[in-house]
Amino acid sequence: MKSMEYRKFVETRRKLNEKVLSRGTLITKRFFNLDTSVYRPGKLDTKTKELMGLVASMVLRCDDCIRYHLVRCVQEGLSDEEIFEAFDVALVVGGSIVIPHLRRAVDFLEELRGMQENGETISL
Amino acid sequence: MKSMEYRKFVETRRKLNEKVLSRGTLITKRFFNLDTSVYRPGKLDTKTKELMGLVASMVLRCDDCIRYHLVRCVQEGLSDEEIFEAFDVALVVGGSIVIPHLRRAVDFLEELRGMQENGETISL
Amino acid sequence: MKSMEYRKFVETRRKLNEKVLSRGTLITKRFFNLDTSVYRPGKLDTKTKELMGLVASMVLRCDDCIRYHLVRCVQEGLSDEEIFEAFDVALVVGGSIVIPHLRRAVDFLEELRGMQENGETISL
Amino acid sequence: MKSMEYRKFVETRRKLNEKVLSRGTLITKRFFNLDTSVYRPGKLDTKTKELMGLVASMVLRCDDCIRYHLVRCVQEGLSDEEIFEAFDVALVVGGSIVIPHLRRAVDFLEELRGMQENGETISL
Amino acid sequence: MKSMEYRKFVETRRKLNEKVLSRGTLITKRFFNLDTSVYRPGKLDTKTKELMGLVASMVLRCDDCIRYHLVRCVQEGLSDEEIFEAFDVALVVGGSIVIPHLRRAVDFLEELRGMQENGETISL
Amino acid sequence: MKSMEYRKFVETRRKLNEKVLSRGTLITKRFFNLDTSVYRPGKLDTKTKELMGLVASMVLRCDDCIRYHLVRCVQEGLSDEEIFEAFDVALVVGGSIVIPHLRRAVDFLEELRGMQENGETISL
C-alpha cells in the first residue's frame, strides 16, 4: 500500500528500459552503459556521486531522474538529514521552480522509508 | 465537479508543503519564506508581481507553478484579457514548447472561472 | 486498446487547442499559425523538419511535443530506424536527463505502429 | 565613456538584426513582428509587459534579452526600486544560477542611469 | 580578416579539447566518442543529422555548439536557404529567447561563406 | 600571467556583488545569505556540497557559477581526479551541450593549479 509510487516507477522503468534497449541502436546502448558507469565508485564514492546525480536531477527538474537517485541514495544508506541538505542545495541553485519537484521528492522518500520499516526490499 | 483539477492541486500542495516544512531544514524554511515575501506588494503591486511569476513559470514550463500563479491572479482580480496577454508574452518568449502548458493553463483558468460563477471560494 | 495513449493525447490536444484558439488573442492565433507553417516543405522537406522538431522537443524535454512530432514522423512515413537515430542525437546532445522522455517516446511509437498494423488511422 | 556596454549592445543588435531580417525567411520576419507586437499596450500596459519580459529573460538567463528589456524599462520610466523588485522575483523563481546575470544587469542598469544623468538619449 | 570569429572558435576548441581529452577519464573519452559517432551517416544522412544538431543547439542556446554545427553544415554543402529553414524551426520552438543566438549564428554563417568565396579551407 | 581568467572573474564578481548588495532589497540580501549558508558543513561536509554545486552549475551551463565552485573545490583541497569525476557526472546527465562549459572549466582549473604551484593565494 505504502509503496505504490515506488512500484509504479520501478515497473514502468524496467518495462520501458527493456523496450528501449532491445530496439535501440548501438549508440543508445553505449549511452546507457556510460550512464551506469559514471556512478560507480572511483576517487569519489558512490554516495557522493548519487548525491550529485540527485541535485543535477532536481535543478533540471526531472521527476523520474529524482526518483531514481532517491532509490539509489536510500540503497547507499544515506540518511534523511543528508538527503535534505542535498535538496537545499538544489532549491537554492535552482530556485522556487524546483519546489513542486521537492514536494514530490519528499513524498517519495517517505514512501521508501516506510518500505524500509516494513522490511520490504528496495531495488531497481 | 468543475473544480476537480483545482481541488487535486490545492490538496496535494497543502499536504506536501506540510511534509516539506515539517521535515525540511532551516534553509528550506527560509527559502519558502522568501518565496512568499517576494510577491508581497512593494513599489510594484501584487497583481504585477503575480503576472511576472506567471510568465516566469510558463517559460520555465512548470505546470504546478503556473496553477499556483493562476489561482493568485484570479484572487487578485485580474481579468482573462489581462491573463491572456501574459500568456502571449510567455508564448513568444518561450516558443512553441510552451504550448502544452498554455493548453493546460487555459483549461485550469476556465475551471477557476466556473468556480467563481458558482460562488465557490478559491483559496490556497 | 493499443491506442490508449494516442487517443488521450489527440483528444485532449484537440479539445484544449480549440479552447486556446477560441479565447486567445490575435497574437496567440498568429503564433499558432507560425507553428504550423514552419514545418511545411520548403528547401527542406517535411520529413527533415519533423525530425528537427522531434529532436528539439526531446532535448527540451516536452512529452506532448514529442508525441506530436512522433505522430507526424509516422504520418510522413519515417521508419523506426530513422526515428531511433534522431532519438540518439537527442540523447547525446541532451544527456541522461532525456532518458525518461525517450522511454515514453519508444512506448508511444510502439503504440502508433500497433495502430498501423491494425489499419487504424493516425491523425491529429 | 560610461555608456560603453550600452553602445556595444545597441550597435551589435542593430547591425545583426538587419542581417537576420534582410536574409531571413517570411517566417523569420513574422516571428520578429510578433516579438514586437506582444509588448504593445493592451489590457496590460507596456510597463507591466516589459517587466514580464525582463523577468522571463532573467529566469531563462539570456543577457542580451535582459539588456533589451532593461533599456525598455528605463525608456518606460520604471524606477530602480520597481526594477529591483522584478529582479527579486527572477532571483527567487530562478535560483542562484540567476546571480551572474543579476550582477551584469545591475551594472548595465547603472550605466543607463549614468546616461540619463548626462542627458544622453537611450534608444534601440 | 573575415574569418576572425571562425579562427578563434576553431583554435580555442582544438586547444581545449586536447586538454580535456588528455586529462579526462575513460568516461570522458567514451562520451566524446559517442558525440562523434552519433552524427555519422546511418539510415539518416549526415546532412539531416547536422541539421538536427544545429536545431538542438539553438533551442538549448549554446553558441559554441551552434558554431560547431554551422561549420559542419557548410562542410556538408547545405545551402543558406536550408540552414535558414532550420533556424526558423529553432526560433518557433524555442521562442524569442533564441534571437540573440540567431543573430550571432547569421553573422558566423556569413563569415564562413566569405571564407568559401575566398577559397579558404573550413575545417575543425 | 597564468592567473588572468581567475583575476578577471574574482574582481568582476567582487565589484558587482558589492553593487548588487548595496542597492538590492532585503529579499536580495536574504537570498545571498541563503546562497552562502547552503554550502556550510552540516551532515554533509563542504567538499560534497561544493561538488554538488559544481555539477548543478555545469548541467545548468553557467560559466560563472562553474568558476565559483571550481575555486571553492580547489580551496577545499579536492584533487583533479575527484573534480574530473564530478565533470563526468555533469557530462553524462547534461549531455554534449555541456562540453563547451567543460572545456572552459578544464582551462580554468589548470589556471588555478598553476597559481597553487606558484604559491599564489586563491580567494574569492
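By written order: A, B, C, D, E and F. Residues from 1 in each chain.
Everything that follows uses one rule, which is that contacts are C-beta pairs under 8 Å (C-beta built on N, C-alpha and C of every residue); 3 or more make two chains touch, one makes a residue touch a chain.
Every value quoted in this text rests on a predicted model; they were computed, and no experiment measured them.
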Worksheet item: Going by the contact rule set out at the top, which chains touch both chain C and chain D?
Response: A, B, E, F
Fill in: Shared interface partners, meaning chains that touch chain D and chain F
A, B, C, E
Item to complete: Mind checking the rotation angle between the two copies, chain B and chain D? C-alpha superposition, nearest 5 degrees is fine.
Response: 180
Fill in: Same-interface partner of C-D, chosen from the options D-F, A-B or A-E, over half of the pairs matching
A-E
Discussion item. I'd like the Å distance between the centres of chain C and chain F, where a centre is the mean of that chain's Cα atoms.
Written reply: 39
Item to complete: Could you tell me the distance, in whole angstrom, between the mean C-alpha positions of chain B and chain F?
Response: 33
Worksheet entry | Distance from chain F to chain E - Cα centre to Cα centre, in angstrom | 27
Response to the item:
Shared-interface residues of chain D (touching two or more other chains) are 25, 27, 31, 34-35, 38, 42, 56-57, 59-60, 65, 85, 88, 91-94, 96-97
Practice prompt. Would you identify the shape of the chain contact graph, picking one of line, ring, star, complete or other?
Written response: complete
Worksheet item: Which part of chain C faces chain D closely enough to touch in the complex?
Response: 25, 27, 30-31, 34, 37-38, 42
Item to complete: Write out the stretch or stretches of chain B touching chain C in their complex.
Response: 61, 80, 84-85, 87-88, 91-92, 96-97, 99-100, 102-104, 106-107, 110
Response to the item:
chain C partner, complex, touching residues on chain A are 12-13, 16-17, 19-20, 23-25, 27-28, 31-32, 35, 56-57, 60, 62-65
Practice prompt. Could you pull out which chain A residues touch chain D in their complex?
Written response: 59, 91-98
Worksheet item: Where on chain A does chain F make contact in their complex?
Response: 34-35, 38-39, 42-44, 48-49, 51-53, 55-57, 59-60, 65, 79, 81-82, 85-86, 88-90, 92-94
